[in-house]
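Two complexes, one shared chain (chain A), two partners (chain B, chain C).
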Partner chain A sequence: MLIPAVLLALAIQAPDSLLRERLDLPTARAVEAIVDSAVRAGLPGRPLIQKALEGQTKGAAGPRIVAAVHLLYEGLGQARAALGSEAADDELQAGAIWLRSGGTVAQLIRMRRTAGTRPLTTVLTVSAEWLGRGWPAAEASASLERLLRADVPDTAFLTLRADVDRVARQGAAVLPVLRERVNRLAPVRNP
Partner chain B sequence: MTEPLDRMIATLRRQPSVAEGFEAGVMAAVARSRRRRRAVAPALGLVAVAAAAALGLDRRRGRNIEFSLDVPAASRVTLVGDFNDWDRGRTPLVPVGAGRWEARVKLTRGLYRYAYLVDDRRWIADPARPAPADADYGAALSLVTIR
Partner chain C sequence: MTIRLGVLAVAAAVPLAAQAPGKPARLEAPAVGLGPFALGGTGEWAGSVALGGRWSLGFGAAGAAVRGEHDWLGREIGTRLGVERSVGRATLSAGALGASLDQPKVSMAGAFLAARLTVGSVQVEGEVGQLARIAGSFAAWSGAGRPVDTLRSGPQSPSHGWLAVRRRFGPVDLAGRVVARTRLASEGSAGWEASAAFRFVDGWAVAVTGGRAPIGTSPYLPYRDRVTIGLALAPRRSRTFGSVERRGWFAAEPDSAGVVFHFWLPGIERVELLGDLTDWRPVAMTALGGGRFDLALAVPPGSYLINLRLDGGKPLVPPGLPAVDDGFGGEAGVISWSR
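== the complex of A and B ==
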């Protein structure tokens, strides 16, 4: 009986113990409180812990770490409100990234309505990258809705992402290429 | 006068006795209790082992993801991210020639943020998977999603 229990204990990671090891006590406590709130609200705690550990590794001060974790906690909550309670943890993280990159909750809600039950992790992660490259959020959101309505698969998004990366590495302007490819995948219908 | 006392002494000296079958009934109940404990303990143990195996299996079931970076002038490159608790030293890349560094990491389903740390001081995003600039800590970042 003891051996299986020990095996189980070893198999289950305790990442929150890392907070006490790696952060000063006040910061660890503040982060733990945020994680507790998140978990009680049904939000994933692991991304919050990892956000704190990232800050420690990158030499951020305690208050900055706490602020970053709290911001992510809010983002996850907003993403869940927009994407629905059935959204998987990685979808919530992607939604939080979309919001942090300049997207809005209303845009997430519209994308969810258009996509139905299709997971939006890939779509949101890839398009958040494009927001970071200067794609205006309103235009991005409208284009993504078109792509979702046209049932463009995740693989096409990944191919498009690779194409855009190649263009960026060659030093060329990314947005014209992005717009052209999006129009090819999901042409704008004339009224 | 002594007769009630004699009767009392005689009663106390008599050997105690129980109803016929009482002792057999008690021993049967004890045996049943022991059998129940013997049956439950292995079941609990099996549950614990199955849970531990499932957690371990989930990790073993992950996909091997290759990470690579071309940094000819570097003397050390490590991969740091959500999958290794942002531990600077846990996932070193190996130089494979012509300035290329590589590592393979087994990842289960999920979304992971990461970056390369070059010579313990320079954070570089993965050119193959750039992400929006990290506004929180001001350093380069990349994302990988495992479906």
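== the complex of A and C ==
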């Protein structure tokens, strides 16, 4: 038991060479500390490292990079709490994106309960964009639960996403089309 | 010979595909806001002759655009209003022309037909137009300021045409134009001009133009030997400035080794992909010609954040991908695939 624990500790404490290569020392150290915390909490560290590298490439200052990494770390933690310990890393990342786009932890919990063991990566990634286009989060969450109960597959979500994007490029209002398509895929049942 | 110094050539363009302030431009026009509008303008101080300028306003969506231009020199005005439509690599436009002279006071109206073709980094553009006098009289004029014979004996319904070729060499745009119009009594019927613009900072360029040609729409603006030096400002370095932005296309195709990314957008010379799968290092896509680019990466299936950079510009969301706030004032596209 002792040897694996030592190895795990060494792994947690080993700095990522990419961070040291691309970031200034104070920023790299701050990001490494966040990554360490994430790994100890059972969260994926790679998305946090990638977020720091993204900031460096896009010319962000050190403090802004650290703030973005910390925000993602919090999002991943909230997504883990909502989606469960069995959620894969990309599903956690999609959940963090959903939260960042205006969704709530409670909405994630309800969708997880409705979807069962079905991965929510595609559903959350696609619907996060619709939140960004002005779809109210509460309405979005209720609609997504309806779609999940109707077993609408991921491919249908991607097709719907392409339809909505086409409408947006033509300059038309997106939400009416989105609502109509959702109702067609999963009609509202009269009580 | 008249030398004109352009004090400020301002092309104040609101990007056709602009998002909210602080966010990067998309490759396709968004649904709301000022995204589809582009406003541009130029100004010149022509030595001892007059102050002149030009403004243009375009509105584009769904592959078409309406564009208006208004230019003036002293009290003479030229206006045009046309409709543009992009078909593949070509842009066709047609519309109405108007011109108003000051000495004598004559108004003219007519039509134009234009076409522009972009092949790689070369752009060819041409126009023909016809004006007819609708008010005032050339023959009745006897005032000072213009050669009498030129206007009395000149055509009452002048026609014009011009052909231009532009090519981009990295940060430098070179262009040449030949102009022809109905011959006036005291002038030849052909003119020419050449220009070079150097983009030294993203959105800024210094331009030098010289030749023997009129500067505006009005057909009776005289040909003069001239040199113009100007400073241009444009928030985006779009080859289709003032007209409809072409729609790019992006796709990811998984294969046994990883994934192949495909991108298409005519008029772009260099495309770089950057994202989680490249540790956010820009990786150049292979140019296949005709605006097509490919890139194969050995990465496992999953969900990734990615951007594209076109000709060294700002990171953009690839067309068709969901976009999320990147936390740095911009957006990143999200792509995922499975075996």
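Observations
Following the convention adopted for this analysis, the second predicted complex is superposed on the first by the 176 of 191 C-alpha atoms of A that agree within 3 Å, B and C clash if a C-alpha of one lies under 4 Å from a C-alpha of the other, contacts with A are read in each partner's own complex, and residues count from 1 in each chain.
Note that a contact is a pair of C-beta atoms (placed from the backbone, for glycine too) under 8 Å apart; a residue touches a chain by one contact, two chains touch by 3 or more.
Everything numeric here is computed off the predicted structure, so don't read it as measured data.
Once the two complexes are overlaid on the shared chain, A:71 sits against chain B and chain C alike.
Shared-chain residue A:100: touches chain B and chain C both. Contacts of A:173 after superposition: chain C is touched, whereas chain B is not reached. Of the two partner chains, both chain B and chain C are touched by A:128.
Chain A residues 18, 47, 50-51, 53-58, 60, 64, 67-68, 71, 90, 93-94, 97, 100-101, 121-122, 125, 128-129, 132, 165, 168-169 lie at the interface with chain B in one structure and with chain C in the other.
The touching residues of chain A, when paired with chain B in their complex, are 1, 3-5, 7-8, 10-12, 15, 18, 46-47, 50-51, 53-58, 60, 64, 67-68, 71, 89-90, 93-94, 97, 100-101, 121-122, 125, 128-129, 131-132, 154, 165, 168-169. Taken together, the chain B residues at the contact with chain A in this complex read 41, 44-49, 51-52, 55-56, 80, 82, 85-88, 109-111, 113, 123, 127-128, 130-133, 135-137, 139, 143, 145, 147.
Residue ranges of chain C in contact with chain A, taken from their complex: 28-31, 36, 61-62, 247, 274-276, 279-282, 302-303, 305, 315, 320, 322-328, 330, 332, 334, 336.
Here chain A touches chain C in the complex through residues 18, 47, 50-51, 53-58, 60, 64, 67-68, 71-72, 90, 93-94, 97, 100-101, 121-122, 125-126, 128-129, 132-133, 161-162, 165, 167-174, going by the rule given at the top.
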